[in-house]
Amino acid sequence: MTHFSTRAVLAAAAVSLVSVVTASPGTAMADPVKVGFVSTLSGPSAALGVHMRDGFMLALKEMGGKLGGQPTEVIVVDDELKPDVAVTKVKALIERDKVDLIAGVVFSNVMMAISRPVLENETFIVSGNSGPSPLAGKACSPFFFAASYQNDQNHEVMGKYAQDKGYRRVVLMTPNYQAGKDAMAGFKRHFKGEVVEEIFTPLGQLDFSAELAKISAANPDAVFTFMPGGMGVNLVKQYAQAGLSGKIPFLSAFTVDETTLPATQDAALGLMSGAQWAPSIDTPQNKAFVAAFEKEYGVVPSLYAAQGYDAASLIDGALKATGGKTADKAAFGKALAAAPFTSVRGGFTFNTNGFPIQDFYVVKAVKRPDGKYATQVEAKVFEKAQDAYVENCPLK
Amino acid sequence: MSPLAPAPAVPRPRAGIGQTAALMALLAAALALAYGLGSSYGAGLVTRTAILALAAVSLSFLIGQAGLVSFGHAAPLGIGAYAVLIAGEYDMTNILAVLPLAFGAAALFALATGAIALRTRGVYFIMITLAFAQMVFYVAASLSAFGGDDGMAIAARSTFFGARILKPDLHLALLAIALLAAAALGLEHLAASRYGLMLRAGRENETKLEALGLDPYRHRLIAISVAGGIAGVAGALLANQVEYVSPSTMNWHLSGELIVMVVLGGSRRLGGAVIGAMVVVLLDEALGRFTEHWKLGLGLVILGAVLFRGAEVRALLGKFSHG
Amino acid sequence: MAEPVLALDRLNKSFGALHVTRDVCLDIRPGEVHALIGPNGAGKTTLVSQIAGSLKPDSGRIRFAGEDVTRLGVAPRARRGLARVFQISNVVGAFTALENVAVAVLAASGGAFGMGRPALADPALRAKAQDVLDSVGLAGRMAVRAVEFSHGERRALELAMSLVQDPELLLLDEPMAGTGRAEGEKLTRLLLSLKGRIPMLLIEHDMTAVFTLADRVSVLIGGAVAATGEPAVIRSDPVVRKAYIGEDEAV
Amino acid sequence: MTTALIVSQVLNGLQLGVILFLVAAGLTLVFGVMDFINLAHGVQYMLGAYLVAVSVAFTGHFGLGLVLGLLAALALGFVMEILVFRHLTRRDHLEQVLGTFGVILIVTEAVRMIFGSAPIAFPVPATLAGSVTLFPGLNYPVWRLVILGVGIAVAGLLWFLVNRTRIGMLVRAGSTHRETVSALGVDIDRLFLFVFAFGAMLAGLAGAMAGPLVSVEPTMGDRILIIAFVVIVVGGAGSIKGAFVAALLIGMVDTLGRAFVPDLLKSLVGRSAAATAGPALSSMLIYLLMAAILSVRPSGLFGGRTA
């Protein structure tokens, strides 16, 4: 059994315990704006979090390291996709680092875990991705703003698209957790045909052969799926190899995007997704953003990157409106709600619940002339859409 | 255990009480200091340390005293956390009911799985405990009424007949330290008792114990249940601190980290686990501040600690530490 | 005659094609020291394991202390008074002599689950341990860890752990192995002092010890009992001489 | 339920089993020779996938890339053994668990620093892409058939190596009579070096076979590691035959469980209950199987000794 010098270890522990406990936030100089950026940077889904953070940091860099003209300090923390870890770290951001607001958060379980302590503390959250339904509806908060979407919306896009296309029989497949169930519910909101089968898979599944065999046997008009991160890569590769790609249309959300396309490559070509943004959106801001991102990081940005970028622009705009001050929370909240920035996705306004009113598209995975893979707008499905939960939100 | 390793020194439990007391004093002092400086974050860190130390101490009892390397100790911890969540959903928040419930549920789980796991030895034991923990993980992930894979926020921190005594973080911190002290001293006492002597004898030489007419099975089962129950209490405290419970609490990495704490601090004495918990929490904290790739640093520290605890180094340090 | 303490009735054990115990019948009478000898590979260890309960015979019965124990495991047999001293000294190396004996006392007395007071603070336990350590000549070594003991001392300690249990039968598996001449003689004297009080089954290579201690001797050859009888008879048995003892060793 | 569906699910199960066998074989060999618990085996699987993916991209040729990648995996196996693992062989299991847990963290993070968190490309070689019609109504991906073939070939090769060669004899003897082998004058440490590196290469091969099917990212070894351990303890640690049988058993149970348990539950407890319980039960199935087998046979199906 290993054992170390007890006294040495004890002494080291004592010293470091004292030093960490007493570590106080930097002595008050001209207070910079402090942003706590929470993202998933380790584990199988880290790619999403890396994109979102990179988008945010790119915007900050373009603005000379300042938001709203103020010197800005961004403290990035890794939530490890563990809600309890996230809560601990977010509490540290608020209590130790005294951040002015929290930004980022990829996954909704993390968002649901941190939202209560953060919002109870009346600290603002600007979501760079997650838009869970409780925060859009009953549990909405004047301190919460989503620079992304409400979770259900991209699924609704695909349901509407399937309906418009005249598909009658579809198979739905998602991981067995809340977001998966929400995805199915979102899809069915506008799809009126027959759902032949609902397949729930364990989270983090590697091998989809059993499910693909089932799908092949059921031979539906289309498959709708939601498999974020690595699961999506597994599924797309195996879907192509099973020879289903050309045969059964593959509709998805958060499954085929620029975080996974470098891995799936040709296997994903032609697959359809619901999104509120794609690199191909033709606005000057978006063209500049996509070019800058590719130049900075060498990869095509994903919607997570675009949302991270927009989150930074949104904060920047609001800070400009308040003259760089966040102390007056009502004023800062009002400034954020006005969405004083130009989103890379085009039109963007906030609804009463802090979620955007925006357009949604069906996008298709393509190979660009330069050999890189990206999504491309195929059709606009919703125009200036609001989410399904806003009526439940008491905020007016 | 490797036949080539020299016989390890057996814990002298009584000698550990002084160390345990010193460690509790250290935690309490750190807490006082944090409050003195108005660092509620520091206080939270002390609380987290105490909670993880509680779980680590119980695992240390299993590893150091009973010789049972459980690779699934996150499971009873998670069960304790879920006990708080589920009881809260049924409006049961009284701490006098919730903590015993967490202890009982986790101990019962440990008893049931231990009864099977104890039929195996060595690597099989390590793996079967891991397997049981994975099963609990998947069960928790399928509890859609309680958040499924996402987990959910607990209704409220535990109360004392309706009084929200744990609402102030200070109270939770004090409770965690007090329970840690109680558990550590209780386990020290248990280790020194007749039961503890027999448990260690079984760890050291099972064949002989059987030849003396004693099958250590029941002793071990008791140890597993007690350790599981204590881990359950730690889980209940963790749920109260974070106010959120999810299956990720039962991730096998946490089981691994608990082993790291026990071994880093030394499994000979229960206090070692407390030291290990301090080191791991602080390492997480310090490295996490320093770099995105903090896990690389943690890995290096762990590997280095295992590789370079060579006899020479120990002999050198031993002069100072055991003098 | 009183019922034997231990009676083996046509025991058989095979490992695959290897028939290592063949129709072994053996009994040990109250108070008797019964030696079991045989060349290497005769199946002594397998037989001892079956008697102790760590190995189950393929067929045959074992009666011990008036009871059929064939299907019982090691621990239940030990609780019925079967005390085993292992071929390779089996004590808890990291424990002191006192702790070792305390373990044996507690295992025998059923106090093994006591969670109240510290075990070693019990004066009655200490007194009992002191007594038995005295009786095996380890009086001054109570607080020394067993790893620091010599072979002979460890053997004596193991014997002490057996004695403290008031055994019905001592199963001694080559107690002289690995001990020096002086230590061996000391051990022989110790066993001699117990003779008559506690029946023993002595498996031993050291013929001096065997002929000093044994009331009867059984010879195991090729897994079967070739002969049983008083030492003098065995010593002159031609089959035994030929197969095992060898002319020059036969004193 | 059609015959084609059942046949394809059985093939799926076999093929998953074969991948598990490739991973578990190295693990069980290393355990057998030195009683060594190597948690870092999963990262060797991950490294194999990365090395082969990179070599294929670099050479532009799948076969050549595969060979180069596997050689690199072998070389890395030697390096890791010399740097880390040989210093852990004579420690107790606890320290092995701890030390190799540290190796997981280090290697995973190092790969992330070099290649990033995002999954990297590992396409199926063009000639082996797509699917073939096995019989009317049953199309099956060619690559999965390749995996089946490779796995069975490796199993045959291992059987030959272990049962018909001197080194195999030593490996078998080493797992049960370590002292005897040492007494024969065989340098057990050298034997371990080769077995370890070979095991690393086998894990790498498994990674390379799985690469075109799954997401190749730094933590891909995590989940497979746990299942591989389930395989070796169910089979009996140290036994190649056990690993083979257990791998196929677990591959089958896992796949068929996922394929049929939800439907089965639907007919038993109704649709909504089945929707939640089904996936949970099918993910637990292999652990249930393991617990059941170990409670009856504490040393696994073919395990002679308790570790």
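The first chain written gets the first letter, and so on, giving A, B, C and D; residue counts start at 1 in each chain.
One rule holds in what follows: a contact is a pair of C-beta atoms (placed from the backbone, for glycine too) under 8 Å apart; a residue touches a chain by one contact, two chains touch by 3 or more.
None of these values were measured; they are calculated from a predicted model.
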Neighbouring chains shared between chain A and chain D, ordered by label: B
Of B-D and B-C, whichever chain pair has more C-beta contact pairs: B-D
Most widely separated chain from chain B, with each centre as the mean of CA atoms: C
Rounded Å distance between chain A and chain C, as computed from the means of their C-alpha atoms: 73
Chain C and chain D, separation of their C-alpha mean positions in angstrom: 48
Approximate Å spacing (C-alpha centroids) for the pair chain B, chain D: 31
Euclidean distance of C-alpha centroids - chain B vs chain C, Å: 43
Touching two or more other chains - residues of chain B: 8, 138, 141-142, 144, 148, 263, 267, 295, 305-306
Chain D: positions in contact with at least two other chains: 92, 94-95, 98, 112, 276, 279-280, 283
Residues of chain A touching at least two other chains: 1-2, 41-42, 176, 202
Pairwise chain contacts, counting only pairs that touch as defined: A-B, A-D, B-C, B-D
Chain B partner contacts - residues on chain C that touch it in the complex: 52, 73-79, 83-84, 86, 90-95, 99, 102-104, 106-108, 111-120, 122, 147, 161, 165
Chain B - residues contacting chain A, complex: 8, 19, 22-23, 26, 30, 33-34, 37, 39-46, 48-49, 64, 138, 141-142, 144, 147-153, 238, 242-246, 248-249, 251, 263-269, 271-272, 275, 278-279, 282, 285-286, 288, 292, 295, 305-306, 309, 314, 317-318, 320-321
Of all residues in chain B, those that touch chain D in their complex: 1-2, 4-5, 63, 69, 71, 113, 116-117, 119-124, 126-128, 130-132, 134-135, 138-139, 141-142, 144, 148, 252, 256, 259-260, 263, 267, 293, 295-296, 298-307
Partner chain D, residues of chain A touching it in the complex: 1-2, 41-44, 46-47, 49-50, 176, 198-202, 204, 206-207, 209-211, 213-214, 216-217, 229-234, 237-238, 240-243, 259-260, 262-267, 299
Touching residues on chain A, where the partner in the complex is chain B: 1-10, 12-14, 16-18, 20-24, 41-42, 76-78, 81-85, 87-89, 91-92, 95-96, 108-109, 112-113, 116-117, 175-179, 181, 202-203
